[in-house]
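What follows is a set of notes on a single structure, which appears directly below.
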């Protein structure tokens, strides 16, 4: 597979997205359990503007799916629908009840201390505070437990949001750019944490990210969203941990980038971004 | 793996417990079908409570559960309206009273707004007059009618002054707190981009404090109407407060209640006006509607 | 305020700013036509309660303020400086009331029939409603004295104004009540209440009065205007007696009272100017004494200082004795 | 380059115009030196205005600019206090009045809080009683004293009822709007993490609406004090409202002003209490202090 | 230079940070003008916690500086001090007056439409709206001019914040992770825009980023912040556009990463993140 190969449906690892969602389930052995997400013909419009246009998607329990797409393409909207925070305009959605969300912005409750933000739903028990401390330690913020959210740095706030979401054992974990504000090392630590949790409890995971390498390092499946449709649904079968320098890795990376460039509204074939995309992940 | 143990997950079976799922279905465009079906009971709900209340009220009157001295029935109150209307009092009262209340509200509210904005933005200004205003605020203007006569005479001035006194503080208080409640980060934007003081107020401060400011005006409108009762004790031959005071003096409970219902209707008008204003002035709000 | 200082009206006539506590009397005077063609302009002002009238007088917003005859007594008693004939800032210049027909006495002490009280002495331990200040208060204090009681013997129940006091009595919240007759008409008519003492029995004059500021009286122009005003006003009572229907109609329109109350108000608003003679002043002094003994006022004033009889003659004012005889 | 031209920058000289710079210097730890120097004039500012006012007031009295009927001087008012104190009125008034106001405020404020929270969170509840409350709110309780006597008798009930009526609405209104002003995104957090209704209210809704709620209580405290004037017209022999009413009847302008000053002092106490509460309850706020 | 070479002050491209700031100016020819930032012994504490501890830093007009460092290390704090939004605890700061800031979070005024947010300080002139439209077009958001900020996606909001900052012609441009929420292509476009503006008007630029490649692609100088000190001040002299595959590029990248790993609180030498850092930029 080469970078020039940019037509979505013709590559072997790309599942056609127009067929019924069951097909995906039937011929893929990677799924470890019943589906936690099944979308059928799901659409969403804001006024005249159609954001999602007949999305069919099934995510199994234990499946790790990465969602890529240009800015403003509807990734967050899709996640919000999956988190039952938004009504779809039409279509059918079957979604696991117990979900956990890391929102794109931290969304901490300013009026509660950091530790309380982590265990919001855990009631008043004495154990809550200890559990919160432990969860915060996992994201390297043990010393911020008593702080007010307003005093956190951007990356610290993001990690508190992550700790909050991971504290539950959800059936479906929705992550909206959860590592965006983290430096390379903190990010790697957070990724490890998510992977470990996923391997232990096997939730379905939907990870929105702009980092193609990250999606390929973490996910079983990389979905490219664009123009309201799923443009590509690429399976990554290399066993973890993955090597970013391997030829397969870079081939898949180029393929994903090619799909992305196709749906990027501002990119013409001779745009410099297109030419250099290998450098700017 | 420690990462998970501390996150509250019991180590154990790698295959997870059965998943509970929910199916959500939706067809067609929003605004159609379902929405309309729901709107009818909502409207019903809004008028149901008042209607039931009125029914019960008339019943208690007809069955003589309470004496008309204690609570005249709705029909008696209708009669009172007819009487007021026939004499021409009601027609005379409303424009006069509304003008008084309106003038006072406008002057007092504007003063409260300006004072609130300035105190909200400047600690110096706050230090200078917040405490005196907090003291003034508690003063019972209603008890000062005779003093207002001394200070402002018996003309319109004293009436309007009383209403100004009543409506200045709600706007001040809510404006001040609305502005103090603005996230510091957003005011920093103004500083960073060298916005002028005036532009900052116009584009950032006032719009963001608008929800609080509107609550202040809402309250001030009520306070202005309330002020009428005291204000129209001073040399007035007409006005809704005057009607109430006279009815009080001559034990006309039915007229008192009729007057009160006029107030309630005005309250409803204020509510509708403020709701409309909120819609017009706050289209940007990312708030919930309390589902 | 300078409304009253305007001096002359547009046509050169002297302007008088005169207050009344409701809008009915001005409307009646207007209707009677007694002021038609007068060489003076009257601006009527509606100020509720003696306090507002006194303050309006002090602030020179009005020339004449309307109150009860006891209000100035209280004002004098509360004054920091002792009033003398020279320095008294205010003078009562006109007083009037109806005849002393007990059916239409303006001031009463009444009991709830279910309270079991038939004379004041029975009021021991009962709730007695009254309002502070003015002649209602005097009626209460004198009633107590007549029953041989002190405030310690009863449960004094004080209200800030007559309307609230009457409302409490009408609602059966108090057993005995001293105050205006009109506000409890309904309870009397229904038999829930009855009068045990009226103002003639307590010897309280219960006059309506007009009070003027001293500097108005010293102003020759105003003095002349007042003289004309009162002379013309003396003709009003005859018109009142002759036109009961028109008077009642105006009362109903202005005060929103029902027919029974209008009948009562018609009667209670009849009458004539009363002369400030020794008999009256003695009664007034007795009221002051009752207030003083009841600790309602801090010192005992010489009430005569507050009465200026200069217009009595043009008013055609009559003595109390004559008024009684006329009945 | 189009990117720049459209960004409003005139194409031209690549070397830029001279840069204006500012130097900021700071040594030592915060709270020392400069801060203390500044704090003195701030305190001065706070007391300067009132003190200057009082000085002018006494002057105008001494020089007879205004008659004592219009405005008695500060010394006259001090005398009035002495008089009230000697008779024992003032000592009797405050505890009684404060108890009445406090009870009414507590009951009314709590009712307003609960109603406000429920209406803020549930459209159904809002539809059911918001409009009636908005109507009730405008009713001039002060004009209803005789009716309150009929409805609630002449005991403490009617007095406290009046104060409840005065203090319920500020809290309701501000709580309701405070909750409606909460960013929808934060309530979504509660839904996402399956927080119970009660936990959501306790941990998210009430804390975030607290600034508004406190403004409501602040206003309600003033309204409760104001209500005293009306409430203590009913069968009372003591109380600060009673003193005002009586002084009004006897043209004791000095006592009226003395009473007013007591109100003003209470207003100041309310202010201090509310400021303290704001500090205690809102340590998390990322707001500015209006520099 | 190799990845093993991790001691800051011994590498030739690292300027010692303890000497007076003037030195930096005197022996560096890259600076094109007078300094727009000069910090001398600048410290900042929150309570007991010392965030910045005696920072000396000079940025010249026309200089493009990237600031890297672990999450919570004080990058934003430094930027806030440079933007005169925060007082330092001690030290001396000379800062160009006309600054423009892209905040870490978008900070749009919710009460104003998108176009008005872009031209906040531009007064009421009729030209303001047109200028805003043009600036929005540059970041690919021409059609969002009339939208309310609450309806924007994360990346859209970030681009509005960028358009707002670039609309002015500042002497000092402060960018706090301005491309964090953007996909690869949109990000590249935004980077081009910043570069173009910088080349045209020569402001001093301070760019906070977690993307080491991005910092090396854009900046003249890469500063690593950690433990309250400037840990490394690495000059990048390769002419632009830079090639991410060149050996020099990767050597510098490894050097920066080595510095970063040293100051990362959670990274021990045998931590997997350390082992793999080449893959996770």
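So that you can tell them apart, the chains are marked A, B, C, D and E in the order they are listed, and the count of residues begins at 1 in each.
To be clear about the criterion, contacts are C-beta pairs under 8 Å (C-beta built on N, C-alpha and C of every residue); 3 or more make two chains touch, one makes a residue touch a chain.
Bear in mind the structure is a predicted one, so any value in this text is a computation, not a measurement.
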Shared touch partners for chain B + chain E come out as A, D
Fit chain A onto chain E over the CA trace and report the rotation angle, somewhere between 0 and 180 degrees, nearest 5.
-> 180
Per mean C-alpha coordinates, the chain lying farthest from chain A is C
Pair of chains with maximal C-beta contact number | B-D
Averaged over CA atoms, how far is the centre of chain D from the centre of chain E? Could you give it in whole Å?
-> 45
Quick one: report the Å distance separating chain A from chain C, using the average Cα coordinate of each chain.
-> 86
Note: chain E sits from chain A at a C-alpha centroid distance in Å of 27
Where the centres are mean C-alpha positions, what is the separation of chain C from chain D, in Å?
-> 42
Counting only residues that touch at least 2 other chains, which ones in chain D make the list?
-> 69-70, 145-147, 150, 185, 245, 248, 251, 285-286
Which residues does chain A have that touch at least 2 chains other than itself?
-> 84, 98, 105, 192
In chain C, what residues contact two or more other chains?
-> 49, 51, 54-55, 58-59, 163, 166-167, 170-171
Which of the chains touch, listed as pairs?
-> A-B, A-D, A-E, B-C, B-D, B-E, C-D, D-E
Residue ranges of chain A in contact with chain D within the complex = 83-85, 98-101, 103, 105, 107, 109-113, 116, 120-121, 123, 148-150, 164, 168
For the chain B and chain C complex, residues of the former touching the latter | 69-70, 83-84, 87, 89, 145-147, 149-155, 233-237, 243, 245-252, 255
Chain E-facing residues of chain A, complex | 46, 68-72, 75-76, 104-105, 140, 151-156, 159, 176-177, 180-189, 191-192, 210, 212-214, 217, 241, 243-245, 257, 260-261, 264-267, 271-274, 276-281
Within the complex, which stretch of chain D touches chain B?
-> 42, 45-46, 49-50, 53, 69-71, 119-124, 126-132, 134-147, 150-151, 169-170, 173-174, 177, 179-185, 187, 211-212, 214-215, 218-219, 222, 225-226, 228-230, 241, 244-245, 248, 251, 253, 256, 259-260, 263-268, 270-271, 285-291
Which of the residues in chain B come into contact with chain A in the complex?
-> 1, 3-4, 6-9, 11, 14-16, 18-30
